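My questions will all concern the structure given below.
Chain lettering (A, B, C and D) follows the sequence in which the chains are written, and residue indices restart at 1 in each chain.
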Amino acid sequence: MIMARFEGVFRKYGTVLGLILLVVLITIINPRFITLDNILNIFRQVSINGLIAFGMTFVILTGGIDLSVGAILALSGMLLGLMIAAGVPELIAIPTVIIFGALLGLFNGIFVAKVKLQAFIVTLATMTMYRGITMIISDGIPAMGLTSDAPILNFFSQGSILGLPFPMVLLLIVFVILMILLKYTVFGRGVYAIGGNEEVARLASLPTDRIKTMVYVISGTMAALAGVILTSRLSSAQPTAGMMFELDAIAAVVIGGTSLAGGKGRLFGTLIGVLIIGVLNNGLNIIGVSAFYQQFIKGLVILLAVILDRKSTR
Amino acid sequence: MIMARFEGVFRKYGTVLGLILLVVLITIINPRFITLDNILNIFRQVSINGLIAFGMTFVILTGGIDLSVGAILALSGMLLGLMIAAGVPELIAIPTVIIFGALLGLFNGIFVAKVKLQAFIVTLATMTMYRGITMIISDGIPAMGLTSDAPILNFFSQGSILGLPFPMVLLLIVFVILMILLKYTVFGRGVYAIGGNEEVARLASLPTDRIKTMVYVISGTMAALAGVILTSRLSSAQPTAGMMFELDAIAAVVIGGTSLAGGKGRLFGTLIGVLIIGVLNNGLNIIGVSAFYQQFIKGLVILLAVILDRKSTR
Amino acid sequence: NDDEASGADGDSIALLMADLGNPFFHVLRDAVVERGEELGYEVLVYDGQNDASRQPSQVEDALQKGVSAIIINPADESSSANALKEAIDKGIPVVTVDRAVDVDGVLSYLVTDNLKGGELVGKWLEGQLPDGGKVIHMEGVMGTAPQRERGGGFLSVIDPNENSESKFEIIGTAVGDFSMAPAEAAMSDLLARHDEIDAVFAQNDTMAVGIARAIETAGRQDEGIIIIGFDGAKEAYDLIEKGEMNVTAVQDFDFIGSEAVNFVDEYLKNGTEPEDFVLVDVYMSDSK
Amino acid sequence: MEVIMKGINKSFSGVQVLKGAGIHVKEKEIHALMGENGAGKSTLMKILSGVYTKQEGLIEINGQEQHFHSIKDSENKKIAFIHQELNVLNEMSIVENMFLGKEIKKKLGLVNNKEMTKIAKEKLHLLGLDVDPTILVKDISVGKRQLVEIAKALLMDAELIIMDEPTAALTDKEIDLLFEIIRNLKNKGVSFIYISHRMEEIFHLCDTITVMRDGSFVGQKDTKDTSFDEIVSMMVGYSLDDRFPRVEIDPGNIVLSVKDLNLNGKFKDVSFDVREGEILGFSGLMGSGRTDVMHAIFGSIPFDSGTISINQKKVQINSPIQAKKNGIGFITEDRKNEGLILSFSVAENTILPSLKNFTEKKLIKESKITGKVAEYIKKLNVRTPNQTIETNKLSGGNQQKIVIAKWLMTDPKILILDEPTRGVDVGAKKEIYEIINHLKKQGVAIIVVSSELPEVLGICDRIAVMHEGVLKKIFTRLDATQEKIMEYATGGGK
């Protein structure tokens, strides 16, 4: 009985097992891994990929993909940097760039939902365009030393609430909000339905175009929010920030058991996927694996995690 | 009548129109673009992306994707470099790395076809692994000056046949072979059938697993062949070669009208897609567009090309 | 010192490299590792893979691991500032090499003067071509400090827009991303566009090698196009020896690396504070 | 070919689907296999054709025991299988589809397109289909696609041909031709296993009938020695007295009024009214444009001109969202691609159009859903183990009921049902008619599009007949006969 229930949990959350295994293994090799300090450290580190991956989960659930998230992060981060550097009050600048991120997502969404182009190619193109715009507006020069006169921006990475780092708190709050949005709203059900079969969803009188547009808006918003945290963390806005972040986010979503075909998956899985990648990055550093081997091991663990997930959900 | 036939061609090959427009536009801005020298230069340059994109076309036609091509290129190029540097005769080294590329593709293929994991995540993981292996075997150090004692390797980029650069000749030969494979063999039919509906293909008693594995082998082989050309071209093997090449190849395939959902598309379209990207890269340099604007324009043109293709095939 | 199984909690130094994908930085890494091991330290090497956002995490991870000192080759001036501040607050000595970090309390920083290096290249070129000429500028990864500083220094001398006395003309600028293949491809395009080129400045040697190869492919190696690299990498000297390249602006990474370890060692053993700022000049060289 | 299957057992992930199933097909025989939806007919045939492997039991062909492990194994024994679902690739040409996996090769291993095209043309001609075999399958009608599948089987020189509901998408003319071909082949020694839910067809065509129920063999009868009623009661376990129940009520006011609806190339000047408590039937050949008209009314495809009025007021319907707001429900004909998200559960599918009704302060309440879905499962007598099972695990008839439940939950004033009983067994068909009648009594205006004449005549109050996009005639029930409807449907009449 208990065994069966146990099995049930793992069938449902195959990758939780993977995460536990990974944590145990790393802890055995170097027990310093499991200190409170380090755990908070990991959460602080994963918050950026986490936010992006949450947005990406919505997109992937509809059967789409968003390759432009890294570029949106860079562009909105740079905009934030330029605004702060130009003396715009941070209470204006921060919301502005988050809305700006939403607009960049809207642009993606319109091409996918209304013009009906393939998401992969739309966001590949906008990725290049957004990166180009970042370069143009910044002239390729990073904005530096941003947090010295911007306490709120600084709080985004350095602050803490009840002893927990603010990025971690933010990640968890966003997680809860998005989970409610996904599981308990008409919109969320629509996201799954579109991924399941768009035509069926349309004929069931769901506003499919609007929902499809919205998921890109969410993804863009999350990328911009991640951009704020990164800018805060680095105290600077880098024009080349966020390179390849899209791949880490997609990996987290897929490791978390969401199907790239859409319609099937959960946000909790993505959180686990994000943690697996975060633990892996941190753990390999803590163990002291040499840089070149880290890449190889990372790839291998991703492959194993997905195999594990597949075996358990069969 | 003539108008109608004209229209038919464009409906079938929507992007041909895009390519022509692009060429005309660039030529108007700077007529040096259209010199024989520069045209041969473009063909020499696109041969690398072209070969990879041809292999990618097979993968995408089955509904898969191969993100590891850039990494396979780097790894097989590095292996070639190390072998040549170690004094292995080039007539042994070159075929060896091409077979090696096929094996890396086979590894991808097995995980996709037999273990039945999603192609995106398999090749994302192997991309990381292959890049890690490249770093490990090379210690991150390029192999230099390879062609000085390797005339055959040198011929791969510097040679010419009947006045045409060898990479161009190779590209066209491979194009013809792969086109025959795709259009006139049972295997090629199977590739389309699997992309169209794998279940239907299975019920027609096609060896679907074998075909799916094979397309990754082809993709890996093409990437390795591209790796040989790049190594020859640079006369050196760079451990970080081929970064983001997968995106250029996928873009070429999609611009060429092949659907990422699989089952629909043609190799000729990919060739046009490759040329559009090549002409764009070269043209922007020839016109002298500033680097910051190049990225933006590239993204925009990709978007326009896909819209054009969609409008014409409606 | 609680000696753990990993042994890494003894006297270890974390070396954070910005990008080991760039082989030239291996010189710096090797210098630090070699000197460190001579002095009995374990050196843990981290690779930032050319991504500024990785380094703060690596600093945090190194602190978690309990290293005794940090030598960092920062990806830029500010990204790892917050993380390094934490280290400094914990009393761990931090030495930055090749680039400064905008944080108080750094033990020392040893830096190649990239701006001055760029100017030096410009001046060297003026010396070669007193009557000016047509110049191509191959830039590294846009937005990175070496790209801005080397380019800025170079242009301040050569670009007529910035230096009215310059007799040069910049006929083409392209981005080679500090790596060989894009530099080679962009150079091929520029060769197709320009019949007359007098000199090319590549912001690092890897790109210079690609440029030389593109010139060879175009069959224009006999036009006497001057190729200038930056770094002082082995491959540059090889080409210079063969007469396919002219000169490179050398950064003395051997010196910077071993000196950084010396500073840390002195501080840990005797509490000696070194000079807080060591500026290492670039020099032009055409032979190893 | 003589085939004996005996004591066949098969389970899927622990659920036993076949228990002691079997069939005995003799040489030169057309053998019907009958049973309710989900009885296991298709599964049994998939075992005979090597798609699945059996767990227990015996398969004998011409007296020899067989162990099929793959489709190739059964093909080698000259067994061809035309599956229930259309198995064609829309993006490939007819000839490519026909020869898929069986291409004729030249030397060098290249495919011989010329030869294949020639043969394809011949085989298609046999089926009365004179199209260019090199055109893409997506450019021919669904009925023709079915014929392509049949042509595929003819290619094999099969000695046993299994047909799983081959006529579901064919016109009467095509069906007649098909039957002629089947009889011809039979005379040449080919045996057939024929699965269909159309009782008339079975009695018209088949020599022998095997009935199965709940995965088991129930009995075998010679067609000439049995009756509709006997077979039906063997299938469902009880006798079904009236196949087409009807209720008579006086229709009320005009609810839906369509005037001069046009869509270039699809339909022309279509006008009709539907009243409260009235069932308007739509008859016609496949491809006569009925489905397109319904989609236009529902807003899921745009139309060129014309007006739609509801309760005498002109309305603008540009999307299914507006259609629903105007009280229209639409049960689409293609349950797999338009009706259900097959990977979703019964509950998730059922609530899709009425999601908003389950919210409180914008948040969905799970508890509300469970109760409501249970109510409809009971009301429509849906046979499902629970609400959370994926719909692709249900039989066709029960899937269809879920699609109906989905729209009933929105309380439509106007309900359009497009081929509501396609592929549904006799028992479930009757249940669906009863649901329709119940709605009629509640005053819903109902449109039933159907290609089965007995059904249209059995349940509708008036019958509209379409031909090539034109609404030719609207009969009242008393005027309508099969012959008259066919006359108009094929372009005759005045």
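What we mean here is this: a contact is a pair of C-beta atoms (placed from the backbone, for glycine too) under 8 Å apart; a residue touches a chain by one contact, two chains touch by 3 or more.
Predicted model, so just to flag it, every value in this text is computed and none were measured.
The chain pair with more C-beta contacts between its two chains, of B-C and A-D, is B-C. In terms of their C-alpha centroids, the spacing between chain B and chain C amounts to 33 Å.
Centre-to-centre, using mean CA coordinates, chain A is 30 Å away from chain B. In terms of their C-alpha centroids, the spacing between chain C and chain D amounts to 71 Å.
Per-chain Cα centroids separate chain A from chain D by 44 Å. Shared interface positions of chain D, i.e. residues touching 2 or more other chains, are not present. Touching two or more other chains at once are residues 135, 139-140, 291-292, 294 of chain B.
Counting partners per residue, chain C has 20, 142 as the residues that reach two or more other chains.
The full set of touching chain pairs reads A-B, A-C, A-D, B-C, B-D.
Across the complex, chain B is touched by residues 20-21, 23, 26, 139, 142, 172-175, 179-181, 184-186, 188-193, 206, 209-210, 213, 216-218, 234-235, 238 of chain C.
The residues of chain C lying in touch with chain A in their complex are 4-6, 8-9, 17, 20, 44-47, 49, 51-53, 56-58, 60-62, 64-66, 76-82, 102, 141-144, 147-148. Across the interface of their complex, chain A is touched by residues 298, 300, 319-321, 323-324, 330, 332, 337-344, 348, 351-353, 355-356, 359, 362-364, 406 of chain D.
If you check the complex, the residues on chain A that touch chain C are 29-33, 35, 37-38, 41, 44-45, 48, 135, 138, 140-142, 144-147, 157-158, 230, 233-236, 238-244, 281-282, 285-288, 290-292, 294. Of all the residues in chain B, the ones that touch chain D in their complex are 180, 184-186, 189-190, 192-193, 196-197, 199-206, 263-264.
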